[in-house]
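In what follows, chain A forms one complex with chain B and a second complex with chain C.
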Partner chain A sequence: MKIDRRCFLSLGIGAAAGTALSPLPWKLMDDSSIWSQMWPWTPVPEDGEYTYVDSVCSLCPGGCGISVRKVNDRAVKIEGTKDHPVNDGGICGLGVSGLQLLYGPTRVKSPMKRIGERGEGRWEKVSWEIAISAITRELKELRAAGKANTVGAITGSGRGTVPQMLKRFLTAYGSSNFFTTPTIQDVYAEAFKLMHGKDAVPGFDFEKSTFVLSFGSGLIDGWGSPVRMIRANSTWKDNGTTVVQVEPRLSNTAAKSDKWITIKPGTEGDLALGIAHVIIRESLNSKKFVDNHANGYLGAIDASGVFTQGFKELIMSSYGPDAVEMRTGVAGSDIVALAKEFATARRAVAVCGRGQGDNPADIKEVMAVHALNALVDSINQPGGVYTVKAPDYIKWADAEMDSVAGEGFAQERFSGITDGLNALFISGANPYYTMTDTTAVKKVLDQIPMIVSFSSFMDESAAQSDYILPDHTYLEGYRDVVAVNGLMRPVVSLAQPVVKPQFKSQSTGDVIIALANSLEGTVAKSFPWLNYQQCLKETLDSMGPEIQKNGFWVDKKAAAETGDKNFGTASGKFEFTAITDNTTPAESGGIPKLSSIELAGDKASYPLLLIPSDSLRLANDTIGNPPFMVKIVEDMILKGKSSFVEINPDTARKYDLKECSEAVITTPVGKATVMVHISESIMKDVVAMATGLGHTAHDKYLAGKGINVKSLIATVQDPLTGYDVAWGARAKLTKA
Partner chain B sequence: MTTSDDATKNGSEESADQAEAIEAVENVEGTAAETTPETEEKKETAKCTGGGLIIFTFIAGLVISLIVGWIIFPKLLYSKKDQPINFNHKLHLEEVDNSCESCHFFREDGTYAGVPTLAQCIDCHEEVEGDSPDEERFVNEYVAKNKEVPWLIYSRQPDCVFFSHAAHVKGAGMDCQTCHGEIGESESLKPYEENRVTGYSRDIWGKNISGITTHTWESMKMDDCAKCHAEAKVEASSVQTKKDACFVCHK
Partner chain C sequence: MKEEGKHGKANKFGMVIDLDKCTGCGSCMVACMSENNVSFKEDESDKRLSITWMKVYRITNGKKFPDAEECFLPRPCMHCEGEHSGHSPCVSVCPATATDYSTQTGIVSQIYTRCFGCRYCMAACPYHARHFNWWDPVWPEGMEKFLSPNVSPRMRGVVEKCSFCFHRYQLAKDKAYMDGRREIREEEYQTACTQACPAGAITFGDLNNKNHKVYKLVKPDNKHHGKPRNPHAFRLLERLKTNPKVYYLSSRDWVRAAGDNYTVEEKRKGITSGSGSGH
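Take a look at the complex of A and B:
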């Protein structure tokens, strides 16, 4: 018998028929479809009991309440807490992406010691004991050498127990060099000191306003407490509130406003005074307020017979609509119309702080805008702006200081984090990324012999440090979170662990206590608490049971009472003098220079103005974008690894640039290759660039994408506050 | 089968094959073959004479593949795993007051707890109660170490399926047996057979590889759900099909 081809074929056909009559193909088809619909490598949340843990988000200063859904021990979703005084169930893109920070790849998993060159990224995992004893050794040496004051620290807002413990640690150790990262809120506080004579922050009663005049504030782009502002915006739409946005670029806020007024960036203060001019000229201002509660509104002749001009004279002589039009680019007729509308609105309020208000602004500009609120008597009035006392619940006895501490502390404080420091602690801040003129900042900070970062994530500053002592993330530990950002009623919330610490992190409060204890002596004595939790509990106990029961405490009495006209100034009145003082008189025909703020570079070499633009889709502060958020960044902001600049078609023609072509942007401090996006949504000769890009650290989803606009902006110091108030940079664009 | 006609049309290689094949046929039949390719009669002979072996090989192929498909394939498709602890449902059912729901209960929020966790077992089994070696192992290895038992769940549906116990048990008043059979009567846990392709239990498709079942609890495929929904006239949720919409189960 010979098996030939025909037999073979018939065997095959038989086999095929048999297979078709067997369950094999059908079952395999079914199984493979199940398999391919549920790839085994796709993560699936585990099955189990659902629970919610209420806590507070501290990824931005907004202070939103969060309810985290868990399945067994795993957190699976972050939602906004219903009926929370800040966000009432709402949540932003960053807040909802928080789990990617908790479980993501950028976590620092244990204490680390740098073993390579600074910033090289070579680390050695060390135990907490070794890390703390090594840092203590350095601190002891510095103290013994009389250099206690050269140890500094930088934190975020400086509010809350952990920053205050760090401040206390430095005080007890012998240094006054504790720094915070200032924002527009701090400038408002300085302005209130001068104009109201009060230690207060602004509380905007936006929900009741009928007319909102915003000088570049990204009210729905992350200004203040972002979710609260989004809700306020809905209220405005429901109530027919008029919103006027003064801004060089069509931001989301401008797009959703009733009127968008373009303005030459940097001249917002002048426009405010131009509006004041019309209000006064038309006698639309509150006479009761300026007559009874204002000082320096009218000029006066002093004892020696010299006439000092008051606010009214300054404004009336120099801030006419025509002069202001020339300076700001806003049409005189628009100024008149706007002034009339603002002054006749039932409850008008003026607000400033560019974009998200993360950067301080020129105090003169803030005061000029605030003067509008005074002129229409919107201060401490419904729908206006209230002076709000920031929560003051940390009532510890003074730190104990020995003679070394006393001597060190008495030494002059540094102007900021400088290379004069021998050691720097970084907690809740990321100066290597967020400070302007990034290259210069890096150069200076790299000179500091010892940098200790408390970051939970491998951010830019952690990457450049010598030791990383990772804090729990906000979902893993207890902490107090203070929200004052433009709120009428500040909220202090207690974050509680949603999940167990995932790695070998420790609460920064506990680490500070451990450092203090190992330094012994009065430093140790200044920290009598067993651990951070005890410290936190004792501190919060002073606020009553509400915070520990509800998780938050609303400071209902923080805002001044409605109609309050008590000013803490020497005159007992609202000080218009704060504006007229230090104002350089006008050069012939022009308008006086309200402030001395000038951007670096000359206009001839750098004819354009670069402005940063903030968006809720790009976290631009200490916390970087989690992967979810990177996904929602528009193609005209970031494409692949390239940042875009937004320019007007007119500007594009002038420099012969095409849509989506490459260009080089040069400023006095930096240079970068960018892509060009041409749009009518920006003024001529202004270049906008998104903030929050150009990270060098974090994870692969964020690092290396785009340009950090801060690296192109030179620092400009406001002589009155000392803050860096650079709102942009002079720039030029050339074809790549 | 190739005819001689074809052979002439095809290339020389084919013709050689053909010649060989015809030769083989001759040997089997033992008749003298005429070599004229055009003869009709010849062709008939070639077909008939080859038929026996061809049928044999066809049947051989058929039988082998049927054996593979029906007997070997199911054995290869599933791997067998023993449950971590051999649990006696019958014994426990006698001890509790609230039948199945004593351990497989609905949580306060209406979600179904499914397989009990240590938290429930610990109520009785903080210490070893009886003399079963399995119980002793359970207490020592899991309760004492506060470790959850990694039960293998026979009825776990693929992740794309949304199934609400509340809708079926509380809403439609179905009993456990309709889907889960008489597991409550069992004294030991049968081995868990895991589908090597999908990773899910054999009990979803059903023990019978043909997919034919006689009881409702023998399989838990989509067709089973659909059949019951049709019989029970579950309200149509899709405007287009006037039937249950996909998203009722596939969220």
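Take a look at the complex of A and C:
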């Protein structure tokens, strides 16, 4: 048979048709996909005995109880503890994600010594003995050279045994340079010192309030103890409590509030005093309180015959609704209505601290807001704010100090983390990421010859350190966790090991004892405990059996008694003078300047205001977002590797910016390329940027995504407290 | 039905989500992922490819500043019953019986080993509650340790969705049998999202049981496809007659109206109440 072209083609077509019609290719494709689906790379989790271990979460200062489900020796799920005084079964996303931190790739698996350049990421694994003896050698040299005071430490809140051991270590060594990371709670404490004469923190009786006036506090965005606040919000919904949110942007808190009052950022204190003006004008204030329990409410003539203005005169002369409207952008009629509602509510409370309150605020602003509570007699009253004594259960004998320690300790304390330090210990803090003006902070920190990090995770500060001495995570060891954040009844909890340590980490408490012992002498003598567990047990024993039985101890007596009007001030009264002191008089017709706080940069070059926005979906403190949490970040906050700025359509038109287009944001200290999200939920000329992005360390799920808004903000120091109180930055936006 | 006789009364598990209380924190989403071994990728910002059995949407009233309002709307699988039992949009199109409606529990199942990835169900689901595994899941080294044996991790090529934490139902049922009971108690079977929600915004239970909180909250009219009798309650896309078992509560009119779609004509006439007009 001759095979011609025609025959060849028809054979070919026939074969093709035959193959297509036959089930063979389809069967093969099906088989191969089924077969490859069955490849063992999809893990089959091992089954076993189920148990629950109760402990406490310490990923934020909230102090929630957690119940961890285990299968054999694996922890498989974190849940909130039912009936726990803080969270009663509820839990936030970060709390649930804790196991991703425990088992995740960001763990530092053994002590590490830097071998490359700082931050280069080249490390050598060393034994604990080598790491401790190397650090001890440096510390001994500094001490011998009379530079003991140049060794410092930075921690988170500073509460609890581990930070206090670190502080004790420095004291015995000869340095007073122990620093904490201040928050709005610390400013409240300073304000309470001045106004109440009390060493106390604020405890808000939110659950009983009938009217909550929040000056930008992200009450359900992570302010205070986050789960407790969300629960309080549900109580408000059930009870019909009115919540008014004063904020330039429709945060989740504003979205859930009954009224959102938009305000020019940074003028919240003026609005508070504008409200005070209307309350006084309409005689809606508590006469009993201002007459009997207040000092400086009315002006007085002193011995030399000079009249000093009181709070009332200052407010009445300068803070009329019209003047306040000019300053704040809040309509005068709104101010009047709000003041009347606030003052006539049964149990009203005013609160401040922007966003999650992670940053300190201008103390004058805090005092102005707190004055509203005084005016309507909501202090130490149900539904109001109480002065709360922070738990004070650490009662160790003073550290032993030899002459070197005495000399070092007597030296003037540094104002903060400075390049004057020769060594810095970092525990429970991540200054390379969380401190305002990141670039400048890095420059200062880079000057410090030795940085030792106690971080369990490779965070920004650990990545920049010389030694990492990894702590157990909160799920692997014992530690005490103190929750005070806005709580009426502070809770001290005992974290216990849920699983055995996964890597060669050691409790920081034990490491401090080891360092002290290898320094010998009085430093070693200051730490008489065999190990950290013994120290912790002895310390907690003084609190009674409750904490070791239940895992937590509620300080029921911490809050002042209801109706308590004992003030520890020199006058024995509530001090309105704290507000009126150091006020810059008004320029003609305007409002006096309460404080000298001004953001960096001139308004002409930087016409916009950049404000950070906090969310419970983006951890922005020492702990960074684990993968689950990165997954739930909205796509108008983060898209690919780009973070967004949120602006009003009006602002977008002005700078010719389109939705999802690129723009460059410039502030006096930084510059970044961002994407634009146009929204009706923000004031014009205000630019919002999410906090918690722009990490350079951690894992690939988080690193390199977006911009750290802190890198765009210049620090502003409050002369009264010394805290950095920058709430934003002047900025400009240009098309990219 | 036959099975009902064998196992006692049929349940109809459903959920009520109070949108006045939901703060949009996203805890339910994470609790769901952690409970159900949901995978994650390096980049999850393309939300069409992001597997979220529970997803919290942000909706707005569309008004200009400063009258803009926002509300958060968590969306699990609606476990639609359809016009007659089991006529769920997804169940009726699945060629593999990989997804089925249980008249015993009212839960729409998803059996991964049966699913061959045709994704008809995804096209049929009006709630975007179903997700396709385009890739095999990869957990970074060490992280497989937190995987729960209660739920099998999914492989490439299958569809997955919220199961109302069906494994928790099974565990509760097992426990009840061990204790010599036929019925499980309300608190014995709760989904992971319900349990985690810090706001207490999610309520879960049996819509057939008048003593359960879900029933009391929405008062479903079980003779008329479970329509809510609470005027603040609504369901998503009620007019599609999917008969979902997830109800929402909101005191705000615009939120309830946002639960459905309307024709231009209806919008003009102002017919935008979420409850629909029935037959």
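Observations, loosely collected:
Quick note on the criterion: the second predicted complex is superposed on the first by the 696 of 736 C-alpha atoms of A that agree within 3 Å, B and C clash if a C-alpha of one lies under 4 Å from a C-alpha of the other, contacts with A are read in each partner's own complex, and residues count from 1 in each chain.
Quick note on the criterion: a contact is a pair of C-beta atoms (placed from the backbone, for glycine too) under 8 Å apart; a residue touches a chain by one contact, two chains touch by 3 or more.
None of the values given here were measured: they were computed from a predicted structure.
Once chain A of one complex is fitted onto chain A of the other, the partner contacts of A:V645 are absent, as it touches neither chain B nor chain C. Chain A has more of its residues touched by C than by the other of chain B and chain C. Residue contacts after overlaying the shared chain place A:V68 against neither chain B nor chain C. Contact with chain C, but none with chain B, is seen for A:C92 once the two complexes are overlaid on the shared chain. When both complexes are overlaid on chain A, the residue A:V44 reaches chain B and chain C alike. In the superposition on chain A, contact is made by A:S32 with chain B only, not with chain C.
Of the two partner chains, chain B is the only one that A:T19 touches; chain C does not reach it. In the superposition on chain A, A:A726 makes contact with neither chain B nor chain C.
Overlap of the chain B and chain C interfaces on chain A: residues 30, 37-38, 44, 47-48.
The touching residues of chain B, when paired with chain A in their complex, are 1, 17, 20-21, 24, 50, 53-55, 57-66, 68-70, 73-74, 77, 107, 109, 111, 113-114, 117, 158-160, 195, 197-200, 205, 209-211. Contacts from chain A toward chain C in the complex involve residues 30, 33, 36-38, 41-48, 69, 71, 74-80, 87, 89-93, 95-97, 99-100, 102-105, 107, 220-221, 226-227, 230-231, 233-234, 237, 250, 252, 255-256, 260, 262, 502, 616-617, 627-635, 638-640, 648, 679-684, 699-701.
Across the interface of their complex, chain A is touched by residues 18, 20-21, 23-27, 29-31, 33-35, 37, 40, 42-47, 50, 52, 56, 58, 60, 63-66, 68-72, 116, 136-149, 152-158, 192, 195-201 of chain C.
By the touch criterion stated above, chain A contacts chain B in their complex at residues 1-8, 10-19, 21-24, 26-28, 30-32, 34-35, 37-38, 40, 44, 47-50.
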